[in-house]
Amino acid sequence: MNNIQNDTAKPLAWYQRAWQSDVCWSFRHTPIAMLSALVFLILVSMAIFAPWVAPHQPFDPSTLNLMDGFSPPMESAIGSGNVYWLGADDQGRDIFSTILYGMRLSLFIGVAAVFLAASLGVTLGLIAGYAGGWVDTIIMRIADIQLTFPSILVALLIFGVARGLTPPELRDQMAVWVLIFSIGLSDWVQFARTVRSSTMVEANKDYVQAARLIGRPRHVILRKHLLPNVMGPVLVIATISLALAIIAEATLSFLGVGAPPTKPSLGTLIRTGQDYLFSGEWWIILFPAMTLLLLALSVNLLGDWLRDVLNPKLR
Amino acid sequence: MLAYIIRRVFQGAFVLLIVGFIAFCMFRFMGDPLESILGQEATALDRIELRERLGLNDPIVLQYGRFVGNAVQGEFGISYRNGVPVAELISQRLPATLELALVSAVLALVFGIVLGVYTAIKREGWLANSIMSLSLIGVSLPTFLIGILLIWIFAVELGWLPSFGRGDTGSLFGIQTSLATVSGIKSIILPAITLGLYQMTLIMRLVRAEMLEVLRADYIRFARARGLSERAINFSHALKNTLLPVITIIGLQLGQIIAFAIITETVFQWPGVGLLFINAVQFVDIPVMTTYLLLVGAMFVVLNLLVDLLYAVIDPRLRVAKR
Amino acid sequence: MNSDSSDLLLDVNNLRVEIAQRQGTLTPVDDVSFKINAGEIVGVVGESGAGKSITGAAIIGLLERPAGIAGGTVSLLGQRIDNLPLKELRKIRGSQIGTIFQDPLTSLNPLQRIGDQLAETALAHLPVSRSEARDLALAALEDVGIPGAAQRLNAYPHEFSGGMRQRVVIALALIAEPSLVIADEPTTALDVSVQAQILTLLKDLCLKRGMGVMLITHDMGVIAETTDRVVVLYAGRVAEVGPTASVMRAPLHPYTAGLMGATPSATRRQGERLQQIPGSMPSLRNATVGCAFAARCQHVMPQCIDVRPPLIEHESHEVACYLHDPTVAPDGARHQLISSHGNSDGVGQ
C-alpha cells in the first residue's frame, strides 16, 4: 500500500514498518474504528471490574428484596426504597448489575471459545498445510463437511452430545465449559483453512526450505518458522470470530441450552426478559439486549475495519 | 455432463454417509436405549435379552448398515421423551418449517439480489451507503433479537400481527398450509422476515462485492470503450457474470435457513422441526436429534446438488467442458 | 512514411492526468502532446509505468476515479472530447474511437455469444435493424479472418484460441467503422507466432479504411515493424517524437537511445550483449523538478536537474533534452551521445 521502493536490503523490516504505520494511520482516520474500539474497551473494563462497578450483588439471595421486583428504572423501589438505574427484574435483582455480570460471562465464554477454536484451527491448518497428502485431505474433508452445516447447528449438536455425556446433576455447573467447548469446536474451520493456505505458500519459501535442508526438526520448523508468519490473518479472523462467538453464546443461552438462569449470561437475561415483553416491563429485556447489540456491533466493526486494513482479500 | 452429475451425486452420497455415521455414533453410544425402553425396574436378564433382540451385540458395521437401512425406509426409532416414533413427529412438524423456510428464502433472494445490485451500481450514493451501514448492523444483530424487536413493535406496541404460532391452516393445491388462510399469512410475516433478514443481508453483501469485482473486469471496460449504455453494461453484462459465481454460495445460504429456523421457531413458538430439535437437545432426546441431523444433512446435500446442476446449465464454459 | 497526409485526426495537447491519493497527488501523465493523422499508425512506447495506457484511457474518457484529466485538451477531428458529458462521450466510443485492450482472454464477456456482442455494439452506434446488425457482425468476423465465421457467431469466447479471440476483439472495436483505433498492447498477451499475424491484420485494416491508429506498446520491435511515427514516453512525459525509421536509426534523446540498445534485433552480432539502461524509472511519488531521466542519464548537465527540458523541434523530431537545445548544449554533445549509446557498427554517423 505504501510507497513501493526497491529497498531489497531489509525487506522484512521495511515491510513490518509499513504494515504497522498503515494500521495506525488507518485507525486514526477511521472514526468508526476508533468509536467501536472505545465502546468495546468501556464494555470490557466494566465486565472485568464488575464486582467493583456493580452497585448490587445480584446473585447473593441475602441482599435481594423480593418486594423490589419489577421496579422500573430510576424510581424508588417499593420494598427497600433503592433506586435501580435500569430497573429491577422479577426477583428484585438490579438489572444494571445483572448485565455487568452477564456480560462478564458472555465475554469470558466468547474469548475462551475463540481461543479454543484458534488453537485447534491453527494447529490443524499448520499440519494440513505442511504435511499435505492424506493428512491434509482428511483434515480438509472434515472441515468441508462441517462447513456444510451452520455453526450454530454444529454447536447445538455438540452441546447436546456433551450434555448427554455429563451426569444430569452436574449439567448446570458444567454448562459454561460445555458452551465454550461446543462454540469453540464449531468455529475452527475458518482458522484452519486460512492458516493452511498461507502455510502452503510459506512452506515453499527459501527460509523454510533452508531450515529443512539443515535438518531442523519438523515441529521446530512449524513453531519457529511457519507459525509467526501465518498469524496475521489469524488475528483478523479471531476478531470476527469473537463477535460470532458472543452472538452464538447469546443465541444458545436464549434457546435455553446455554448458561443457566442461576448464572445468567446476556442471552439468558434476554430469554427471561422476553416473558415480560407483553406485561409492560420492557426494561428487563431492553437493556440486556442493547448491551449485547453494542458488544457484538463494536467487535464486528473492529473486525471489519481490521480485515479491510490488513487483508482486503480475506472474506 | 453426465459424468459430472454422477460424480456430484456420489460426492453427496459420501457426505450423507459420513453425517449418517456421526448420527449413528450418537444414537448408539450416547444415552442408553435399554434404559429408555425398559425403564427402571428391568432385570439383568431383560437387558441381555433386549440387547440381543435389538442387535446391540452385532458388529458395529452391521449395526451401522442396519441403521442406514432403517433410515432409508423412514425408521428413525422412538423418541425417548414422548414415546412416539420420530418419523411421525417429524412428518407432523416438517410442513410448518418448510413453509416458513420457503417464504424466507424468497424474501432473502429477491431483496438480497435487488439491493446488492443497487448498492453496487450506486456505490457512492447516500441511499446505497445507508443500506450498507444498516446491513452491517443487520449482520451483527443476533436473529433472536430481530425477532423480539419485531414482536415488540408489531405485536406488542401496534398489535397488528400475532407474536406466536402458525395461525390456521387451509388447503392450497391440496397441501395443508398456513399460506391459505388470512390468520396464517398474518402469522408467517414476522417469522419469515426474522428468518430471512440475515440471509438477505449476506446475499446482498455478497452480490454487491461480486458485482463490484465484475464491474472492474476487462470485458466491462471493453464494453464501456465500445460505447454501450450503462444500462446494458450493468444488467446484460455485469449482472449475469455476477450471479453466476454467487449462485453456489446463495444456494448454501438458503440451505442454512432450515437450520437457522431453530432460532426463529423458538422466538415465535412456530411449531416446526426446529422447535422439536431444541426441545430434544434440552432433554437429550437422542433419536430426535439424530433424525434432525440426518434430515438437515439430506436437505443440504440435495440443495448442493441442485445448485451444482443449475450452475452447469447456466455456465457455457462448464457446459462445453463437461459434455 | 506517409506522414505528409495532412488531415489531423487526433490532437492531444498538454494532457495532464492526476491521481488523488491520501499521501498527495500523483501525476502519471504530465504535459503530453502529440498528433495522429488519418491513415497514420503512431506508436506510443515506453517502460511499464511510463503513462502509455493511462494516456490511452484518458483519450476515450475511461479513467477511473481517483484518476482524472487535470489539464490540457484532447481533440478528435477538431472537436474537443476531453470535457464531454458521459452521454456524448459514449457516442464517440466505439463509433469514432475503437479500442483494443491487451488481454483478449479477459476482454470478452464470457457468458455472451460473440455474435451477440458484435450485434449489440453495432446496434448501439448504427441505425440498423437486428438482422442487419447480425449481417454486420458476420461481415466483421470475416474481415478479421475468422474461418467459418457464420457458425462462429454462435460460439462463446472460451471456444476460441487467444489469437482468434484478439481477432474477435478487433472485429468488435472496428464494427462501427471508427476513424481512430487505440490499441493498448494488442499483442503482448499473445504467442510470438500469432503476434505478427495480428499486427499485420491491424495494419491492413487500417490502411484499407484510412483509420488512424494509436499503438501502445513497450516493444520496440512492434514499433519498428508497424508504425509510421513514434512517441516515446518516459515517466509520464514525452521524451521524443519523430518518424519511426529516423527515431530508430538516430535517436536524439538519451533515453530513446537506451531503449534501442535494450531491444534485441536481427542485425545484432552473435554474442553481443544487450545494452541496459542503468537504474530504473523514478517512482511517481518522487516527482522530479528537472528532467525525469536525469538520474539515469550519462550526459546529465546541471540544468537537467533544475529545470525540466521543454519539447523542442530538432531534425524532424521533437525532443525534450538539453543536449539538442542550441542555447544550452555544447557542440559535439550529440556525437558523444551516439558513440556511447548507439550500436558499435556506427549507426547514425
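By letter and in written order, the chains are A, B and C; residue numbering begins at 1 in each of them.
Definition applied: a contact is a pair of C-beta atoms (placed from the backbone, for glycine too) under 8 Å apart; a residue touches a chain by one contact, two chains touch by 3 or more.
Bear in mind the structure is a predicted one, so any value in this text is a computation, not a measurement.
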item	value
Chain pair bearing the highest count of C-beta contacts	A-B
Farthest-lying chain, centroid of Cα atoms versus that of chain B	C
Averaged-CA centre spacing for the pair chain C and chain A, given as whole angstrom	54
Centre-of-Cα separation between chain B and chain A, whole angstrom	25
Chain B: positions in contact with at least two other chains	none
For the chain B and chain A complex, residues of the former touching the latter	15, 18-19, 26, 30-31, 136-137, 139-145, 148, 151-152, 156, 163, 209, 252, 255-256, 259-260, 262-263, 266-267, 277-278, 280-282, 284, 286, 289, 293, 296-297, 300-301, 304
Chain A residues touching chain B - in the complex, by the definition given at the top	145, 148-150, 152-153, 156-157, 159-161, 163-165, 243, 247, 250-251, 254-257, 270, 274, 277-278, 282, 285, 289, 292-293, 296-297, 300-301, 304, 315
List of chain B residues in touch with chain C within their complex	217-219, 221-229, 232, 236-237, 240-241, 244, 315-317, 320
For the chain C and chain B complex, residues of the former touching the latter	60, 62, 90-95, 98-99, 101, 103, 106-112, 120-121, 124-125, 156, 158-159, 169, 172-173, 176
